[in-house]
Amino acid sequence: MTETFERPPFLLAKADAFITWAQKNSLWPFGSGLACCAIEMIATAAARYDIARFGMELFRASPRQADLFIVAGTVTNKMAPVLRRLWDQMPDPKWCLAMGNCAVCGGPFPSYSVLQGVDKIIPVDVYVAGCPPTPQGLIHGLMVLQEKIARSHPTKEILDPDARDRR
Amino acid sequence: MAFNEIELNMGPQHPSTHGVLRLKLAVDNEVVVRVEPVLGYLHRGMEKLWESLTYVQVVPLTDRLDYLASLSNNLAYVLTVEKLAGIEVPRRARYIRIVLAELQRLASHLAWAGFMANDIGAMSVLLYGFEAREEILDLFEAYCGARLTVHGIRIGGVVQDLDAALVSRIRTVLSRIPKRLADIRALLDENRIWKERTVGIGPITAADAIDLGLTGPALRASGVAWDMRKDVPYSSYDEIDFEVPLGRNGDCYDRYLVRLEEICQSIRIVGQALDGLPEGEHMAKVPRALRIPPAEAYHAIEAPKGVLGFTIRSNGTDKPERVKMRSPSFVNLQSLEHMCVGCLFPDVVGILGSLDIVLGEIDK
Amino acid sequence: MPETGAERPELLQALAALSGRVPAGLLEGAVEDGELRVRLGNEALIPALRLLKDEHGFSFFEDMAVFDNLGQAGEGGRRFTVVYRLYMFPGARRARLAVDVGEEESLPSAVPVYRAADWAEREAFDMFGVRFDGHPGLRRIYMPDDFEGHPLRKDFPLAGRTGGV
Amino acid sequence: MTPFVADVLIPVGKIVAVILYPMVMVVVMIWLERRVVALMQGRLGPNRVGFQGVLQPVADAVKLFFKEDIIQRQADRLLFNISPLLVMASSLLAFCFVPLGEPIRIGTYTLTLWIAESPVGLLIVLGLSSISVFGVIFGGWASNSKYPLMGALRSVVQVLSYEIPTGLTVLTVAFLARSMDLVEIVRRQESSGVWYGFLMPVSFIVFWISAVAETNRAPFDLPEAESELVAGYHTEYSGMKFAYFYMAEYAHMVLVSSLVVILFFGGWLPPFPGVRALDFLDVVPGFVWYLVKIMFFLYLYVWMRATFPRYRFDSLIRLVWKWLIPLAFVNFLVVALVRYLR
């Protein structure tokens, strides 16, 4: 199966659908918050907005067990290498959601110590704007991420290893 | 480093450091020998940024300092600018400011109760605290559209007037908080495990607390009766009567009790402020381009975390020459070392929770 | 509403004691709108702090602000003005001590008198480069240790010099 | 009933059943815990995946199956790989001895609802359940980083200290039932007409507290305390290895609740065996009663997790050495005295 295929054959498509259904519905976020957006992230996980309904309840404290890295808050130059190492420690099918203007593009802080956007150090899948984004905004971002996962083809990467680098 | 000591790093990403604080701990089989907080992981260069913004543009940035109590930051900065420029705020605006600041104190203390309990293991209290806080955030959203970084207090007054519907809605929300507070207290107050984790942990005497610059509920837990709202009244707090709850031996349990008592006091204050709401407009006449002749002013208020003060020096233009902020969490964190040395490793988490620090305010 | 009138008895006593104890160091002194305002020379700082703390009840070190007078006629002609704000705890009174210091000069550290001054001085060193002799561990508090330059100085650009990571 | 069926098919069927039974219970338990804790905290819990979130554990398992498996370069590879298996195997192995119900007669062949019955079944189950400590220690040690090491050290002391009260209280039951065979204990409770849980409430309470502590749950979850040790001993585990730890913890909980049910609440007996009026309850098969009782204790586990804060390490140890062990000794003496006098 070395030749790459555009539309996966039937069997693999079904396998893709099943795997992505599982990955989509049990996204465990990584419990790391930086600034104000972290409080809105916790409010989203709290009683009223409750992302546990989508299976994202377990805020794993260790990067090894998390698969969604929500960068919630301002990324400073001093914190950037730490974030990069946390991203590398996460096992592979991982996604990153940049929450809030600070993570998306530096936000209201054009200053000497702020990294203007987390996508300079981490490949971001979904950008959620807002300062801080309301819980509804964050849940919308998470749903967009779930659709993106549903469209991905994990089996393609298993059979064609260098496909992953072209992800 | 003695032979049997481990150098442990708590942070900068750690579930219970309330953000990006890094604690370098030297631990001799679970007994803490040295604590060295490392800061700067959230330093956004606020004070440099403020020097290139006009007085009015700085106000939304003060929301992002102590993001659990954004209205208190607004109030502190705005009062300093009004003192500098000699702006007289109408009495109705001062009363609305009291209502907003005390609602913000409620939200901040409820969030703190959740975080501290979660650090010591009682997960449900985090959810109860946040549920109560959501209702207050709904009030802010009804008042001016924002939940967390509210930006509701401006130079010269407040952004909106309190209409009757909002006043009655505030009263209904306030009437529900005592019941939620009773739930939290029922879960924790007389709980043997909770008391074992907090009574006698991280004590600090009144003298040490003053010498180390501790302020706010943490200081009052050591029995020091200092509340900026009483000692140096601002924004017509002197027309409202309320008590200042005090602790006795300044340990985690007293800090916990003092803050819960303050929640009850804040409910009383908002009630009185709503009853005595005077007539008048909610905003003073402030020139669009506010230019302030060269001068320097310092003003401090009682924020939920402690004494929050702003020093502003003006140079005649519409941009401040220098804005220096005295952040309570920054100074309170200095006494962490004093409280933690000699205690056990899990207690560092409890003490940090009882100090109620916010990293946005520490790193500026 | 700052209290008007300069007849704060305890502040006047403190001012008189100060001018008695450190006559040479006391450059300016007055009690204005309920606040004791004093300008001191370098060497008079620590004795003044100790006097105010021990004998006049200024038990609380409230804040320390540093101003960069680059390009303006600083009060003492030197570049930085370091302002100490003290608070009299039972009496709710305030004192403002200003000291001028040049770029290369250094100030005696206030930590022996007020332990609360520890991080305030580290922040002043990190942001302005003002050195404090006798400080237990004077090093940067916010910026990474290998960061060169002091951000809050007027001549430091807002967006910083190095390009970040 | 040809010998082939009796000697090969049925044992293999039983073995598959014994492996499937804890797995199903674990899946049910994961869903139950997340929903019940959520409802206790005033929120909904997983209800989007499948009907009312029933497929949530399946989604978790499949996702963990496809996750990359990271082994640290400086980790001790052998121990790192063995420890999840050790923890899982010890829990599953102990299930062989757990009797699920009355033996069923099919024609001439009696189908016993357990795999092995041995006169010292109780001892074996206790021995197996304490093997999982090795898994935790090796896991913590092999991850070669500070937090898992501290988690492992804590769990060693905790589990070993709580073995003693467990052993003592189990001794009182064995003493009363005059045998260590689990089936025999249940039969003894049936014949004596009263459950040991009501006869000896003290040993039940002590056993329950030390059981909760042994499975690192609720107020005693020191070794994997998120707020202090990041994620305790399984900080460095990811993907399927972490799933093993995660499932083994639940399997261990199910095992301990079934032990409590068998020792103190008459395994598959309908409630109030002595009372003649409640005979109509006998029509319900023993297995169902056994499940109902287990569900109650699993619910109790979840309930404790939602309410109690976490013990500090030294108060935890003080609790067992100063309170539980003396209590267990006194209780044992009292039971012995009562037995001797009667």
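Here the chain labels run A, B, C and D in written order, and each chain numbers its own residues starting at 1.
What we mean here is this: a contact is a pair of C-beta atoms (placed from the backbone, for glycine too) under 8 Å apart; a residue touches a chain by one contact, two chains touch by 3 or more.
These numbers come from a predicted model, not from an experiment.
K.L.:
Going by the average position of its CA atoms, which chain sits the greatest distance from subunit C?
P.N.:
D
K.L.:
Would you mind pulling out the distance in Å between where the CA atoms of subunit B average out and where those of subunit C do?
P.N.:
One centre to the other, that is 25 Å.
K.L.:
Based only on mean CA positions, could you tell me how far subunit B sits from subunit D in angstrom?
P.N.:
Once rounded, the distance between the two centres reads 45 Å.
K.L.:
Can you work out the whole-Å distance between the CA centroids of subunit A and subunit B?
P.N.:
It comes to 31 Å between the two C-alpha centres.
K.L.:
Taking the mean of the C-alpha atoms as each chain's centre, how many Å separate subunit C from subunit D?
P.N.:
That pair's centroid distance is 64 Å.
K.L.:
Could you tell me which residues belong to subunit D and also touch two or more other chains?
P.N.:
Correct list: 41-43, 226, 230.
K.L.:
Which positions in subunit B are in touch with at least two other chains?
P.N.:
Counting only residues that touch two or more other chains, subunit B contributes 14-15, 40, 43, 45, 48-49, 127-128, 131, 363.
K.L.:
Residues of subunit A that touch two or more other chains: which are they?
P.N.:
Within subunit A, residues 31, 46-48, 61, 78, 110-113 contact more than one other chain.
K.L.:
Among all the chains shown, which pairs meet the touch rule set out at the top?
P.N.:
Listed in label order, the chain pairs in contact are A-B, A-C, A-D, B-C, B-D.
K.L.:
Along subunit A, where are the residues that touch subunit C in the complex?
P.N.:
Residue positions touching the partner: 77-78, 80-81, 110-113, 115-116, 120-121.
K.L.:
Please name which positions on subunit A make contact with subunit D in the complex.
P.N.:
18-19, 21-23, 25-26, 31, 46-48, 50, 52-55, 57, 60-62, 64-65, 67, 89, 91-93, 154
K.L.:
Using the touch rule from the top, collect the residues of subunit D that touch subunit B in their complex.
P.N.:
Residue positions touching the partner: 37, 40-43, 146, 150, 219, 221, 225-228, 230, 305-315.
K.L.:
Which residues of subunit B touch subunit C in the complex?
P.N.:
Within the complex, subunit B touches subunit C at residues 39-40, 43, 45, 47-49, 52, 83, 210-213, 224, 226, 231-232, 298, 300, 307, 309, 311, 313, 315, 321-322, 324, 326, 330-331, 333-334, 363-364.
K.L.:
Once bound in the complex, which stretches of subunit B touch subunit D?
P.N.:
Residues 6, 8, 14-16, 30, 117-124, 127-128, 131, 187-188, 191, 193-194, 196-197, 344-347, 349.
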